[in-house]
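Both of the next two complexes hold subunit A, though its partner changes from subunit B to subunit C.
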Partner chain A sequence: MAHITLNQYLQQALEAIENRDGSFCAELLSFKHPHVANPRLQLPSPEEKCQQLLEPPYDEMVAAHLRCTFAVSNHDFVEAYRCQTVVVQSFLKAFQAHKEENWALPMMFAVALDLRIFANNAEQQLQKKGKGKVGDMLEKAADQLMACFRVCASDNRAGIEDSKKWGMLFLINQLFKIYFKISKLHLCKPLIRAIDSSNLKDEYSIAQRVTYKYYVGRKAMFDSDFKPAEEYLSFAFQHCHRSCQKNKRMILIYLLPVKMLLGHMPTLLLLKKYDLMQFADVTRAVSEGNLLLLNEALAKHETFFIRCGIFLILEKLKVITYRNLFKKVYQLLKTYQLPLDAFLVALKMMQVEDVDIDEVQCILANLIYMGHIKGYISHQHQKLVVSKQNPFPPLSTVS
Partner chain B sequence: MRNFIQPPASHNSAGKHVRESKLSVWENANMSEKKQTVDLGLLEEDDEFEEFPAEDWTGLDEDEDAHVWEDNWDDDNVEDDFSNQLRAELEKHGYKMETS
Partner chain C sequence: MSREPKNSFPVPRGPHPQSEGRGCGRKKDCLREAQKNEQRDGPTEPRGTYTVTCPERECREREAQKNEQRDGPTEPRGTCTVTCPERERREREAQKNEQRDGSTEPRSTYTVTCPERERREREAQKNEHSDGPTDPRGTCTLMCPERERREREAQKRLHRFEMMPGMEKDRWPRADPTRTVKEYSRPAAGKDATRPHDLRPPSVLLKTVCYLINAIALSPSLQPWTEVYDFVFDRLRSVRQDMIIQRVSGPECAAVLERIVRFLLYASYRLCEEPLRLYDPRINDTHLQESLSWLLSCYCVGHHPHQEEFQALSLLYNLGSTRALQHALELPEEVRAAPAVRLALSVNRAHLERNPVRLLRLARRLDFLQSCALHRHLEACRRHLLLLYSYGHSSRNCRFPLRELARLLALEDAQAASLCRACGVSVTGDRVSFSKASYVEPPPGERQSTRSYELVDRKQGDHSLALVLHGSP
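Moving on, here comes the complex of A and B:
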């Protein structure tokens, strides 16, 4: 591949297409493949040669791909992105014309992935020069991927083996990556609905399913649906390939706050293994009911938590921490009628600013409302009266 | 002569045509050219979920990670340092507590 001529390359492409060898053709179009570094193929105007050997729209598709390798060799990612949009457009024309066959799916995966990556690179390049609106190119790339998605989703005629529906989850994952990046999570909804109602949902490859669950898990977390979030992220974490430590770590970053909100604390061993010791003090603080330590831990690693987009979720752990602190007061005083003042003592020990009995009542009322405490406030006696049965229900039963 | 038969389907089968990257086939390619491919700056950003190198794998390729979540922290245990601190503070404010 390193030394072949343009003619040889085009011959291989022609054969691949004629033989419906989607996988090999995909390699000939993919930037993961070494042919893109071959200077004989990096051409600014290969149209004529392509037209001589290939039928439309493949001639246009391959020509645009070669122009793309030329642009990339010049580090011009904006031009590369433009070329790639032509590649995808031409591919889609061919793909739509394939009736009841899906041999070209590997090609679609290759060109779709490169489209998103070039959109990323192009935006970065423009931003360095102070030009270009953030998200512009990614949004346009998303539009093109949606066009591909529609072709796949609407394939109702072919039998399962030949269905283009096998392409849906891969595209959804690419779209998720874009929507998360440009913070347009609401656009994920119709895609999630499409997969949920698909009979292929559990048949896609494990790689695609793990990626999918990672993103829907994050979305559920963002929507405060913590139980589903736990389910999705746990699946992703459990089934992620063991050699993809980076991905495992990323899943864990979002699984941790969700698990903690549901009352499950990570072991130190887990945090050490995945280099997430930033959560160590948070975990300890929450499980102890130590509000002071929690505030310190959040402040200490604020930058990290904000960058990961979990700072606000971690703030919700304050509620759990109040619950744990007050539960300790109950356990220490060993009575069902707890003076409000005792909670005030606890909060003052935690250096909570400007706290008074009114504030205590407010916090207690909230905890009762949320189901974290079973009881009521007796204003006459200035006491919290708790249920004799299970006054502090387990966290996993609450949310 | 290239083998034009469909590549073997992954063990989990029907209809999945994506096979693993054949980069190993190109091991004959010049090392510097391979490096150049990487230098073409096509790596994903650091904080993005990465594309997996393979499509399918079995449980053998998954980490066990058993017993990593604890619930026993919520048991009725008030003997830790923080609880002792709280106990002392309550006592200071006149609350009498039975020793357990």
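Moving on, here comes the complex of A and C:
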């Protein structure tokens, strides 16, 4: 593959198209395939040759692809992105003309993936030069992908095996990746709706479904819907193939905070296995009610947590930590009428700065409101009166 | 009795004066020629060939207009010195040749190697590729372009703050050039907003903003302040528009936007009690958010002395927004360590942890403008406190001292009592009885925004408003 001539390459492409061999044709257009390193194919203007052998719009598509390999060999990703745009556009012309057949889907996957990757690289290149607005090229790439998506989604005539709707989930995953990168999560909603209302949603390949659930789970997390987030991310984690360690780790980074908020702490073994020891201190602090350790752990790994976007969610664990701390106070004092002072002392021991009795009352009131404590505060007696039955319900039972 | 038909049009008599001696009217002739060229060459775009700053024709037109306003309409004056205008003579000759020889190809008359036009085009394209398309640059040195001032004066569309002092009640007030400010005009198709004469460069924009703040917003004599606000708001919008058209960025942009944001924040507090017909908080909010996010994106490049102040203000104004909080957490270390930003982050954390007592306590430490930024969230925080306490203190014998509650809420006793009543919390004398069953969220229509002495007004103290709006140097 790395040594064929232009003619041989074009012949192969022509044959693949004529035989409707989508997978092979996809390889000929994909940048994961070794042919892109072949200098005989890296041409700045192969249009004439392509026009001789291939029919429009395939000639344009292949010509743009070859121009793209040329640009990549010069490390000009901006130009590569532009060429790839032409590839996608000409592909779409051909794709739309395929009535009631979907053999070209693998080609669509290949060119769509390369489009997103080049958009990323091009933006990074521009950022280094100090030009270009962040997210500009990615947004344009997203528009292109949406055009492909519309072609797939509106294919109502073909039967199930020939329907283009099988391409929808892949494109949606690519769009999710872009929207998360440019922080426009609200654009994910219509896509999620489209899949929810589709009858193919459980028939797609497991790999695509895992990716889909991962992103939907993350979105639910940012919308503070922790129960659905836990469902989606758990599904993704369980069904992710065990050989994809990196992916499993990524899922876990988001699954752990959600589970912790719902009261399930991860084992040290799990954290070691996936190299997520940053969570170890956090876990220990929360289950012991150790606010001091929690603050220290959050501060120590702040950069990591902020980069992943989970810092704010981990801060919500403070409420759980308070609950665990106060439960210890209750267990120590062995009485149902706990003086508020005791809690204040506990907090001061944890070196929580500038907290006073008013704030203690507020923290307790919040825990009561959320259902973590069953009882009430008596301001006159400055005591927390707890229920004789199960005053600190288990975390998993509280919403 | 002659019977003339009604609505009879006068019938033209005799040949058209201009087509004397020619078979066809001149305009038709030109049209045919243009059509013929179009068929042959394809439609041509009009190409600019003017080498002076203002097209000859427009200069003459403006001059004529000016003269007209001054002297009254003038008759067109002839300037042709020969018996037949040059243009007509050439045309007739070409026509005669055409009839004789058949249509002739256009004759090349260029004496240089490359037509001037093409050379200029190529040069412009080259510049575009290297510098990016050139942005319009303003040349207007006044707060209001002359043309607009004259137009509005003639059409009686001056604001009373722009008129010559003493002429406000006149039938036709004159514009005071030192007080007229360019107004905001909605962009529309066909309206060319990029004429350099009409655009104000960044230095003039800064002067304009300072004038608006010093002479209008801070003026003790201009009343009512809602009218002052409307005027300043509109003129500041026009300032932003000029900046957008000229793609201003960097420190000049930041200097203008900072003052705009301070003004809008202050206004959002000062006018919070006004009825909707006089002041709409949502419109103010939209423009404030736009200006704030533009300002924060300016800060991404280069060093800006007031960055910490505005990062903090953005955090406070957008309390509860994960996007704003995440943005703040990703700021560089020095900015995040600044006291203003740290305090704003603590306020946000208190909100995230659902601890309104802590939040209101921290709010006491904010300065005046920061409190103005936070102010719109205070009502919700107070209601949240009442909600939490309704659950936390819910018992039959609950008697919470009103004074305590008022202190926590940073309100006067009477205000605290009325807030309780609005939320269904029962108050008897100087005791409050919390009950989780009785708390109700007051419907949105009945939530009246009120100024806060304790948390906001008190902080202005001895600081002059000018210092607040211009910031410390």
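Here, the second predicted complex is superposed on the first by the 398 of 399 C-alpha atoms of A that agree within 3 Å, B and C clash if a C-alpha of one lies under 4 Å from a C-alpha of the other, contacts with A are read in each partner's own complex, and residues count from 1 in each chain.
One rule holds for everything that comes next: contacts are C-beta pairs under 8 Å (C-beta built on N, C-alpha and C of every residue); 3 or more make two chains touch, one makes a residue touch a chain.
Small disclaimer: the values here were computed from a predicted structure and weren't measured.
In the overlay built on the shared chain, the residue A:248 is in contact with subunit B alone; subunit C does not reach it. In the superposition on chain A, A:277 makes contact with neither subunit B nor subunit C. When both complexes are overlaid on chain A, the residue A:268 reaches neither subunit B nor subunit C.
In the superposition on chain A, A:358 makes contact with subunit C only, not with subunit B.
Considering which of subunit B and subunit C touches more of subunit A, the answer is B. In the superposition on chain A, contact is made by A:306 with subunit C only, not with subunit B.
Applying the stated contact rule after C-alpha superposition, one finds that A:183 touches subunit C and leaves subunit B untouched.
Shared contact residues on subunit A (touching subunit B in one structure, subunit C in the other): none found. By the touch criterion given at the top, residues 322-323, 325-326, 329-330, 349, 352-358, 361, 385, 387-389, 391-395, 397-401, 404, 408 of subunit C touch subunit A in their complex. By the touch rule above, subunit A contacts subunit B in their complex via residues 1-2, 15, 19, 21-24, 27, 31-34, 36-38, 72-73, 75, 77, 102-103, 105-106, 109, 113-114, 117, 120-121, 160-163, 166, 170, 177, 181, 203-208, 210-211, 214-215, 237-244, 246-248, 250, 259, 263-267, 269-270, 287-290, 307, 324-325, 328-329, 331-334, 341-342, 345-346, 349, 394-396.
Contacts from subunit B toward subunit A in the complex involve residues 2, 4, 7, 10, 12, 14-19, 21-23, 26, 29-30, 33-34, 36-37, 40-42, 44-45, 47-57, 61-63, 65, 67-71, 73-74, 76, 78, 80, 82-83, 85-87, 89-90, 93, 95, 97-98. Considering their complex, residues 183, 222, 306, 309, 311-312, 315-316, 318-319, 355, 358-359, 361-366, 368-369, 376-380, 385 of subunit A touch subunit C.
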